[in-house]
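Next come two complexes, and both contain chain A; in the first it sits with chain B, in the second with chain C.
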Partner chain A sequence: MTSRPPATPDAPAAAAGPAPTRRRPRYRPGGTVLTPYLFLLPNMLIFGLFTIWPAINGFNISLYASTTGRSFEWAGLDNYRAIGADDRFWSALTNTLVYVAGFVALSVVCAVLLAVALNAQLRGRSFFRAVFFLPVLLSPVVVGLMWRWMLERRGGLVNAGLQAIGGPEMPWLVDGRLAMLSIIAVGLWTNVGFYTMIALAGLQSIDGSLYEAASVDGASRSQQFWGITLPLLMPTVMVVLILATINGFQAFDYIYNLTGGGPVGGTTLMVQFIYDNAFGPRREYGMAAAASVVLFLVVLSFTLVNWFIGRRREAT
Partner chain B sequence: MSAVLPGAVEPVAPPRTPQDPRRRWTSTSGRPPSLADVSRATVLIALSLVVLIPLLWVVLGSFKTPAELALRPPTLVPREWMPGNYTEALGAFAFVRALGNSVFVTVVATALTLVVNSLAAYALAKYNFRGRDFLFLVTLATIMIPLQVILIPVYQITAQLGLVNSLWGVIIPAVATPTGVFLLRQYMLTIPDELIDSARVDGASELRIFLRIVLPLCRPALAVLAIFSVLWRWNDFLWPLVVTDQNTRTLPVALSQFASQEVVPFNLVLVMSVVSIIPVLVAFLLFQRQIVQGIASTGLK
Partner chain C sequence: MTRRLSTRTRLLALAPPLALVLASCAPGGTDSSGDPVEDDDGGTAGEATASVQELTREDVEGGSLNYLYFTDGPDQASTEELISAFEEEYGVTVNLEIVPFSDLETTLQTRLSGGQAPDVARITATAPFEGDLLDLTPYVGADYPETFIEGLRAPMQQGDQLVAVPSDLTMNGPFVNVEQFQEAGVDLPDPEDPWTWEEMMEAAASVQEAVGTEFAFALDKSGHRLSTVLSQNGTYLVDAETGVLDPDLATEALQALTSMIEDGSSPRDFWLDSGTRYAGANEVFLAQQVPVYLSGNWQVAQFEANAPFEWAAAPNPCMTECGGFPGGKFMAGFADTDEPELTALFLWWMNDTEQQRQFVDASNFLPTRADLVEDGVEYASRSEDMNVFLEDIPRTPEAAYASAYSPEFGAAATEFVEFYAQVVAGQLELPEAMEDLSSTLGD
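This part shows the complex of A and B:
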């Protein structure tokens, strides 16, 4: 697919010159009326086909019975009833909420603390910043496999390290609760650098003279943190909170490679439930689409709640 | 440091007051760093080890023999170095093909992303036309709709267009990215309209203005989008997993499937992991500033 050059006859811009400008001064038609649309065409074509139309059609698919993706029969809310009666759906939904709660809480706290630490004067600051940011760029597949290997019960480096200091051998990926803890920890390991970077940008926009004034008044460091840093950082914290929530609900690729959703579905989150239904042996498109709609509504409601809380806090 | 007036003789270094805690850690005044400074540095060093050791373990592991990889307890540094793992992996046909697919997808998708998004961004930034604000709002709104949520309908439309199991099916659906349009449009707004108008007066065609004036001025924004596109495409997993087959697998998909075999050749999995990390590492070292700037301006990774 190539970008078609907009066919513009060299219509002199002067043709529209004498006409009084009705709109904003920026309005200076060059080319023909069609020119901007031609510039937009390739993007809008792809965008419409692969984003807009699917976003509308996804709801539609969830209302049809389909196991092959081919034959469609009106099913009304049958698919929703089917996932409602499916234990695996409820377990995936619960797992997702547990994961998001743990992941978001830890992400926000760690990102703020790390950002504060990295914002201070210290030796090797840019080295630390680079190191913490590095995992953000790694392939989630490599991250998953790497940690699968690290957390192996026998022969994993984590347990080897634990045993070297006299600790127990932990079944990190075998025990359900520990596996949930493991995916949260690995999610944090991968993403916290990203949130730290955002928090750091927020910190740097705080006026330094506030701290000087506070220290002249004899405020201690922790008083400065609670009294100045945190209140002024709240808008950034909200951004981190929203991004982490959205990312948390989308989590799939590194978990798929770390635990495969196991043990016995203990780390199967919503995206994997959707993937397994649609592209696993069952090929339950309708059910998967219904689960997608549910996931979308959950993400949307969380985002809206976050957003309203953030706005109210800003207003007061 | 402090501004010393020219001509003024610098007095004896003023005693460091407790009000000046931020300088102390890097100072050479001989004062011992405070407990807070020491504990902060300790925590940061410990945490960076948590980040670096797994990576180091993978890289070192890729040089170990299969026998050593099975050793319990595990070793960190290989006893016997096996660069042969790399030649063995690169000799495996499936791996080379996956690598080639990944390079092709990354390069072509990034080129198309730049073309398609910059054209659209130009229209949205520099023309005033019916529906402009609406189209821009729709573009912005869909940043909130992740692929994970529309996976099935996207797959269906891709299948209907006959793009499943082809590399174009991996490339095209994600080419029109709202993030890219947004980033480039914001940048293009800063280009003065007078520049474009005067080119029109000189008789340049609209496309020529775009190619010769606007694009060169947008180089920094294009660079940011290019780096991001490379990272997205190189590391992408869910979509290629769904849409590729044996012949069109990208590196992450091939790696994932390779690692879930009955008998996993760990030494080769590690080599593939290292190979897939290298371009990211290089991009990061070269373009750290642009990457951070891109995140700051879009809030997306």
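This part shows the complex of A and C:
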């Protein structure tokens, strides 16, 4: 008779010695192997149905030409060639990279600085934490419309304030560079509260005795920040960096309501390019799907680079 | 004895379900050839031939329809009233499903994909539903299109099939601030004798100077509205099938507007700060910051409700041509309907003379029927202004209808706005932009 192979790595040790007080698990053969997967199955099914399946289908559609979303003609790589030859695609990709660079850099720096400030023993600390988090709760449509009214050249609150102190009337949404700055600033305002909360959680996990020891050794606040806070916060910073990068590449809703991608495509990012192709009058579903695949690959590569850098930093 | 499966065996075992998954994610699967769609009985929907004019309550009683609808506002109440009257007259049920305009086409395409198409829908173009629409010819007769004005007859048909009924017409045209014209001592235009572009510009500039408005002239940021200007100089973005823009005529047509935007007498910012989105200049007109505003008859109801000053519709200005640029909606049935006779009856009844008169009157729309256009409509409110638009219908060239109802128009209009926005931003000269646009549309 062949003995049954051990079900788990611990099993030989348990079987070798007497274990009168432990009841033998009443699993059927193989049950210990399958059980964890059964627990994972519901989530895997949902994830597969709503994430993996649409992703595969999106890639599939990128190989077809369709203007109705129902009748499709095989197009091979034509959609990829078409977006490659489309100036609007390259403009959207460039705009997206500019936006992501500005948004991510400012998000990380501001989140860390704000978290440090909000971690200090301030009067009204809870109030300020709530104030900075509040924009995260707003609908992107509301954010877009609200800032549109604030940034209008004539009658906008920002220009009214500027003019009240003798400043110029700025074309925030009409000049290409200023419009890009505006969407970065509004994106930062909307999201920085969320990243600050993550950074704050990271700060609070740092052992306070390190600061006490550093104080005893005569380290200044600045030295404590650079020597203790920042190095120990780096894993959290990497999380913020990855989340902000993904968020930046996916930016669309509030920008669409703020500038509509204008002026003259100056703030049209990749997601709007995809949206305009699929749901605008062009109805080029295949091209939109091809652009989605490209965006996916760009986000994936940036995320992997961030992740590998983070792991190497952790390892060292 | 437990036998471990090799990796290759596992992969082979997974292959059939994986193949099934991949095969089922191949897009398509619906017949878009335009062939007749078989009904539940195995026949084609077009086989029934009862003329709707002959149908009685007994023929259709107990039937029901789903009507997918989007509303422009005031038309909803009159549609509901007409539906109630239809239900009472024929003993049937019509379920009105209202969706936002922006979701209309996606909703319809999705429902068609899932075999859940409504029986009837209000649509702006028939081209996206080619092969899906009910051929009305057996029910209303091949001569039925002649009921409607000439420009709308072609878009009612796909090949030799009659697939849609035009339910209302819109016409682009200008509005003037009467109080400002009077204050400036400038004569109002005569609806019987349209002004020229030069006369309109002169009048607008004189009023601006006398009254001190911020702008002289405004036009919505829209490829459709810009097409009015093209049409008045005898050129179009597209005809029924392809790009036909004459860049020289287009440059000549748009020169006056471009100069006004450049010198600040027409608003510039909203061409730039709304990106790819439509933007209307109605707020500028309502704020009395522009005496002449080119939009369309759909503004009448909201100006009536919101304008705190005296205003009037004005005839479209003429260049080499006169008239406005048309738009509008159609009612269409879907070939998959279980009630083709009732569907055809509903489309016919809703657009019969009395029903259409009631609908356009309540909604401040323009009629599509030739008899109503010829006889005129006495609107309950702002009838004089609505009839200014009505009088522009026969002045509008036939080519404008062909362009407006071309399946290519939507995408062409988007390109037009994008190129013109580059002119407004100073990135392109107008002639260069029109040349580029012409090349793009010709591709």
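The definition used in the following text is that the second predicted complex is superposed on the first by the 266 of 316 C-alpha atoms of A that agree within 3 Å, B and C clash if a C-alpha of one lies under 4 Å from a C-alpha of the other, contacts with A are read in each partner's own complex, and residues count from 1 in each chain.
Convention: contacts are C-beta pairs under 8 Å (C-beta built on N, C-alpha and C of every residue); 3 or more make two chains touch, one makes a residue touch a chain.
Note that the structure is predicted; figures quoted are calculated from it, not measured.
Of the two partner chains, chain B and chain C are each touched by A:260.
Contacts of A:85 after superposition: neither chain B nor chain C is touched. If you count the residues of chain A touched by chain B and by chain C, you find the higher number for B. In the superposed model, A:279 makes contact with both chain B and chain C. Once the two complexes are laid over each other on the shared chain, residue contacts for A:128 go to chain B alone; chain C is not touched.
Touch criterion met: A:57 reaches chain B and chain C at once.
Of the two partner chains placed by superposition, only chain C is touched by A:173; chain B is not. In the superposed pair of complexes, A:156 makes contact with chain B only, with no contact to chain C. After overlaying the two complexes on the shared chain, residue contacts for A:165 are found with neither chain B nor chain C.
Taken together, the two complexes place residues 5, 29-30, 53, 57, 61, 69, 148, 154, 256, 260, 279 of chain A in contact with chain B and also with chain C.
Across the complex, chain B meets chain A through its residues 19, 21-23, 25-26, 36-37, 40-41, 43-44, 47-48, 50-55, 57-58, 61, 70-74, 76, 112, 115-117, 119-120, 122-124, 126-129, 132, 135, 138-139, 142, 144-146, 148-159, 161, 172-176, 178, 181, 193, 196-197, 200-201, 203, 205-207, 209-210, 231, 234-235, 237-238, 242, 252-253, 255-256, 259-260, 266, 269, 273, 276-277, 280-281, 283-284, 288, 291-292, 295-296, 299, 301.
Every residue of chain A that touches chain C in the complex is listed here, in rising order: 2, 4-5, 29-30, 53, 56-57, 60-61, 64, 66-72, 148, 152-154, 171, 173-174, 179, 256, 259-265, 267-268, 272, 276, 279-283. Across the complex, chain C meets chain A through its residues 1-2, 21-22, 25-28, 30, 32, 106, 109-110, 112-113, 128, 268-269, 272-277, 410-411, 413-414, 418, 421-422, 425, 427. Residue ranges of chain A in contact with chain B, taken from their complex: 1, 3, 5-6, 8, 10, 12-14, 23-24, 26-31, 33, 35-37, 39-40, 42-47, 49-55, 57-58, 61, 69, 114, 117-118, 120-123, 127-128, 130-142, 144-150, 154-157, 160, 163-164, 189, 194, 197-198, 201, 215-216, 221, 239, 243, 246, 249-250, 252-253, 256-257, 260, 271, 274-275, 278-279, 285, 288-289, 292, 295-296, 299-300, 303.
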